[in-house]
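Order of writing sets the labels: A, B, C and D. Residues in every chain begin at 1.
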Amino acid sequence: MAIRAAVAGASGYAGGEVLRLLLAHPEVRIGALTAHSSAGQRLGAVQPHLLPLAGRVLEETSAEALAGHDVVFLALPHGQSAAVAAELGDEVLVVDCGADFRLKDAGEWERFYGSPHAGTWPYGLPELPGAREALRGSARIAVPGCYPTAVSLALFPAYAAGLAEPEAVIVAASGTSGAGKAAKPHLLGSEVMGAMSPYGVGGGHRHTPEMIQNLSAAAGEPVTVSFTPTLAPMPRGILATCSAKARPDVTAETLRAAYEKAFRDEPFAHLLPEGQWPSTAAVLGSNAALVQVAHDPAAGRIVVVSAIDNLTKGTAGGALQSMNIALGLPEELGLPATGVAP
Amino acid sequence: MAIRAAVAGASGYAGGEVLRLLLAHPEVRIGALTAHSSAGQRLGAVQPHLLPLAGRVLEETSAEALAGHDVVFLALPHGQSAAVAAELGDEVLVVDCGADFRLKDAGEWERFYGSPHAGTWPYGLPELPGAREALRGSARIAVPGCYPTAVSLALFPAYAAGLAEPEAVIVAASGTSGAGKAAKPHLLGSEVMGAMSPYGVGGGHRHTPEMIQNLSAAAGEPVTVSFTPTLAPMPRGILATCSAKARPDVTAETLRAAYEKAFRDEPFAHLLPEGQWPSTAAVLGSNAALVQVAHDPAAGRIVVVSAIDNLTKGTAGGALQSMNIALGLPEELGLPATGVAP
Amino acid sequence: MAIRAAVAGASGYAGGEVLRLLLAHPEVRIGALTAHSSAGQRLGAVQPHLLPLAGRVLEETSAEALAGHDVVFLALPHGQSAAVAAELGDEVLVVDCGADFRLKDAGEWERFYGSPHAGTWPYGLPELPGAREALRGSARIAVPGCYPTAVSLALFPAYAAGLAEPEAVIVAASGTSGAGKAAKPHLLGSEVMGAMSPYGVGGGHRHTPEMIQNLSAAAGEPVTVSFTPTLAPMPRGILATCSAKARPDVTAETLRAAYEKAFRDEPFAHLLPEGQWPSTAAVLGSNAALVQVAHDPAAGRIVVVSAIDNLTKGTAGGALQSMNIALGLPEELGLPATGVAP
Amino acid sequence: MAIRAAVAGASGYAGGEVLRLLLAHPEVRIGALTAHSSAGQRLGAVQPHLLPLAGRVLEETSAEALAGHDVVFLALPHGQSAAVAAELGDEVLVVDCGADFRLKDAGEWERFYGSPHAGTWPYGLPELPGAREALRGSARIAVPGCYPTAVSLALFPAYAAGLAEPEAVIVAASGTSGAGKAAKPHLLGSEVMGAMSPYGVGGGHRHTPEMIQNLSAAAGEPVTVSFTPTLAPMPRGILATCSAKARPDVTAETLRAAYEKAFRDEPFAHLLPEGQWPSTAAVLGSNAALVQVAHDPAAGRIVVVSAIDNLTKGTAGGALQSMNIALGLPEELGLPATGVAP
């Protein structure tokens, strides 16, 4: 019997990607599609790539519209999920692609988002220690942010293995879809093509506390994070370049061994063969995360680079992967591990 | 029982796309992968996006390596398919992504390709009148060129309905993957980003006789084609802008009706709703072709624009769609109708 | 003594390009910079590439702010120039980058722009027959549209020489800056990268009557134009592919000779050597127009392709070139004929 | 009297950019243009954007061809400059865009380049402490690498002011022209569009010792550098994100003050106003370097981001700026401080 899924925020990039993946999921039937400013329009008018759903009409987001489904995906602006989720019963699996339920520390939430903390849900990054278990049977899932997904996959094995000092330095490049579909002048094609530019420098990005939370949990001690996001001239993809001082006895071999162990049984997180480095192009539309590591003895640091598709593994793919786990389905079901290249 | 498929030319763009689609096909098991200069390498080294096949090793292309499969896809440079195909028996379905068996007129072949004509196989564009029937049960398929796919889908309904004068003017923009993976200076990223440039102007492109063949067949009279291909700064996609003088009694309504009729039962060729125009972005990685039509009474012409992914519907997707038909499988089986956007 | 120049609409793409070129003009001193919604801001906040003017503050556009200059460039939305120009005396050279004064036929203006026709000024495309003479000493200049610049340069020599039938078919690809700086969803980087898409198909684009006007004047008879503009994934540049039926006695040689003659003494319009085709990349930031021609005897057509930078030769460069002529300065003064490549 | 300049390696990206800038330099007359594999061709065939030089013919690189000029620019592959320079007398100013004469430490040269060290020339980054003085009247100039230019401008003020611990972590994104014009598969447009990927991770990039040399000199103590270069989907530009642990008493104010002081009198290195961050798009084709700083007290680090055009300030612009100084001309003469945007 099919799982009936609704998507709130179906007109945006995250919602669109959830739908793209749901269309390929063999156990899911797509139910209500809701939106706000696009309500009343055909989906084909705002998401022309979702051809099989082109004739579906967007409803206004409401608890009524979302009722009667087995799974509800919330792809709403940050801060709007809590109210909607509160009206959905515990018999419904609610998968929140927004930030509302990611952080454990209410103070950090309030400092970065400026509103009361709504709570904490099981965290949809199954590769993290303990995360998969917490997702099993859960009725609520907080999908990680796209940057924290890339960064946590890159660094948790080093921290879990005690190979790195608790001071991470991260520079990540993201495709423009990470900034959403709202029309802003600095996101115009004319502005972003040919442009690399940073933003939120110096600790201001809202994904920083989420990274600190994940890396500190892996390390068993507080990890500081210097995080600089940059906007890259491509629609999708995150390349995260992460480094930390190596602990005294680290070698290229012990480093590699830690990642081989961490990813050995993972269906989507891959350590590349030696000498091959990740590229965002290889994971376009794929739920895979590609990782490579290096030890730089002259600088005394380990360097880990990861590549994901910010909308797939970084949002919608991670959401479906977690849904599969929560519902007891095979974790890889319906999810692409193959990128669309070139 | 699974269909066992081999791919010759697995290191190139066409071969890679065949493999990407085969990986998602529920009835196919991927057998031998062959190449020439990359033989001996892991597929992961040359096609890092095909993660599930990363550990497979490329064999040298030969009849021996390709033996023992139910289907063999040939993604070889033009002129090399005939020799390989000759060694494969009639019990094997041979799907040629190259040009060797597309043209009916030996003279035209020799004029554009400079070598003896190898023959003509059933043509893998099922949407054309009579094509689907010719593919059923065939052991040989000639996959159309990417430009002829986009152009023929755009114009055959108008010609079949007698709405256009037999003088087509076509300007098409193609992503750079259409030019292949061989490293040439003018295809460097530094050269193509920010660049629109034409090539093969004035009738010199090898796809021109193939378009003439298709459009003349639809029209029932010889159609001349002025074809200007241009290289666009994107990896994939073809946007074909096609026009012809309108026959005297054409109206916007009769024009639209002809396309509605032609595409009514087609799983992959779509006439967009009025007012919506095709974009290559909407078909990235998809087997769909999006078409829209206009009548310009002031200029006395009909204008038809189509968008496809040159590697999917324009090559590998068309190949698998035709394979499905030849083998008696559901035509849409395993093929994406959804693009990867944004 | 320096020429004092003001720019109205200095926050937009056209205004910014006028300023970029004025900064390099040896005889010009930049005076007032005005804008509307950005008034009060530092120019550096909205045009960070114009570093030498970063500290200048934008004033509200008004006759007072623009008074006291020798030249005033209007880079305003279509329909707003006439009111501003009316307040500037005849002793001031007014160069309008908008559409208001381009068309001679009031009916065509009203049909495409929906407002009363403001008049017709000398047309700033000096390469057209008679245009240079009309610009000398004029106090008013109507800068052509970017598409009409590319198309008219491509086709006027053929029409002036009587080589083409009066039915032009034009498909042009433009960089996204041609659509302006107003934030619209379909112009987001996420939407345009990887995308080729048409718009205004079937005669609806406002530049069509301007092309008809120019080509008909060159031909000495009415020329119909089928014009399809497409949006290309690049910030700047226009590639115009133009064709028309060849008159009976045309050959490759007569065709080439007509263009050699038309461009022989032109400083910015160039016929490329045989075998070399124009690319938008070669004219980035340059005032040059590159043109190449072909005769396709099988299709019975001539094909001409031109490449310009829509903001330079297509707008601001054409404006300064015309200003130089109007003021009796050397036509090339301060204007780049060199592109920024790769 | 004009300075007569020759360019060796005129067919490549660095040589082409030297020529683009020389064309705009009021005191320079362009003499011999030499190349190797392109010798005998018209420059227009390989550098179509350099229209005013299109008809010039490339000579084979040799001491004879380069003789008789006042300035010779060498834009040759690394390791080839020394031999050519040795044949040019001391009365000629030789400006080497290659790496041969940048490093002071012969051991580091040999370790990274694998050939004997040719010597050390005055270093063409005038903004560095003492560099401008060393360039005055010099007959030899070693133009810095593009990455070291971006990184040294970003970090030398902090090190010179004693604000940062001697352990720099740098992640830089470069446009593809930094990888040169030789056709390699991974540099194809199809591969690089949509792709962010790292290379030379873990200390292996040849620009690392040059950065260490510059930063250590500024700091007055050895600085370690963790440097990760990444390839970005754009033709030009470098965005360097640089950080280091802050010394104990650093504040946002002391940090900013150090950069204001360092760049106060610099014509091309700019500290942006607070709140504005650099973008490569703003410096396309410009000799400007844009820098912004942040203090992240939670991570205990300073973060400095710089943007340059790798071919302009990062190569050819720096070369001409240094030439101006060496010849006693105004430092800014003929150099653009304005980018080509959007």
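Observations on the model:
The rule is short, and it goes like this: a residue touches a chain if its C-beta (ideal position, glycine included) is under 8 Å from a C-beta of that chain, and two chains touch if they have at least 3 such contacts.
Labels paired with UniProt names: A, B, C, D = N-acetyl-gamma-glutamyl-phosphate reductase.
Keep in mind that this is a model prediction, so the values were computed, not measured.
The pairing of subunit A with subunit D is characterised as same-residue: of all residue numbers used at this interface, over half are used by both copies. Among the remaining chains, B is positioned farthest from subunit D, on the basis of C-alpha centroids.
Averaging Cα coordinates per chain places subunit A and subunit D 37 Å apart. Once the centre of each chain is set as its mean CA position, subunit A and subunit C turn out to be 45 Å apart.
For subunit A, the set of residues that touch two or more other chains comprises 13, 175, 177, 181, 188, 190-194, 233-236, 279, 281, 284, 342. On subunit A, the positions that touch subunit D within their shared complex are 167, 169, 171, 173, 175, 188, 190-199, 201-203, 224-226, 228, 230, 232-237, 239, 241, 243, 277-281, 284, 292, 294-301, 303, 305, 307, 342. Partner subunit D is touched in their complex by these residues of subunit B: 13, 175-177, 179, 181, 183-185, 187-194, 233-235. Residues 13, 16, 20, 23-24, 42, 44-45, 47-52, 177, 181, 193-194, 235-236, 270, 272-273, 276, 279, 281-286, 288, 290, 336-342 of subunit B touch subunit A in their complex.
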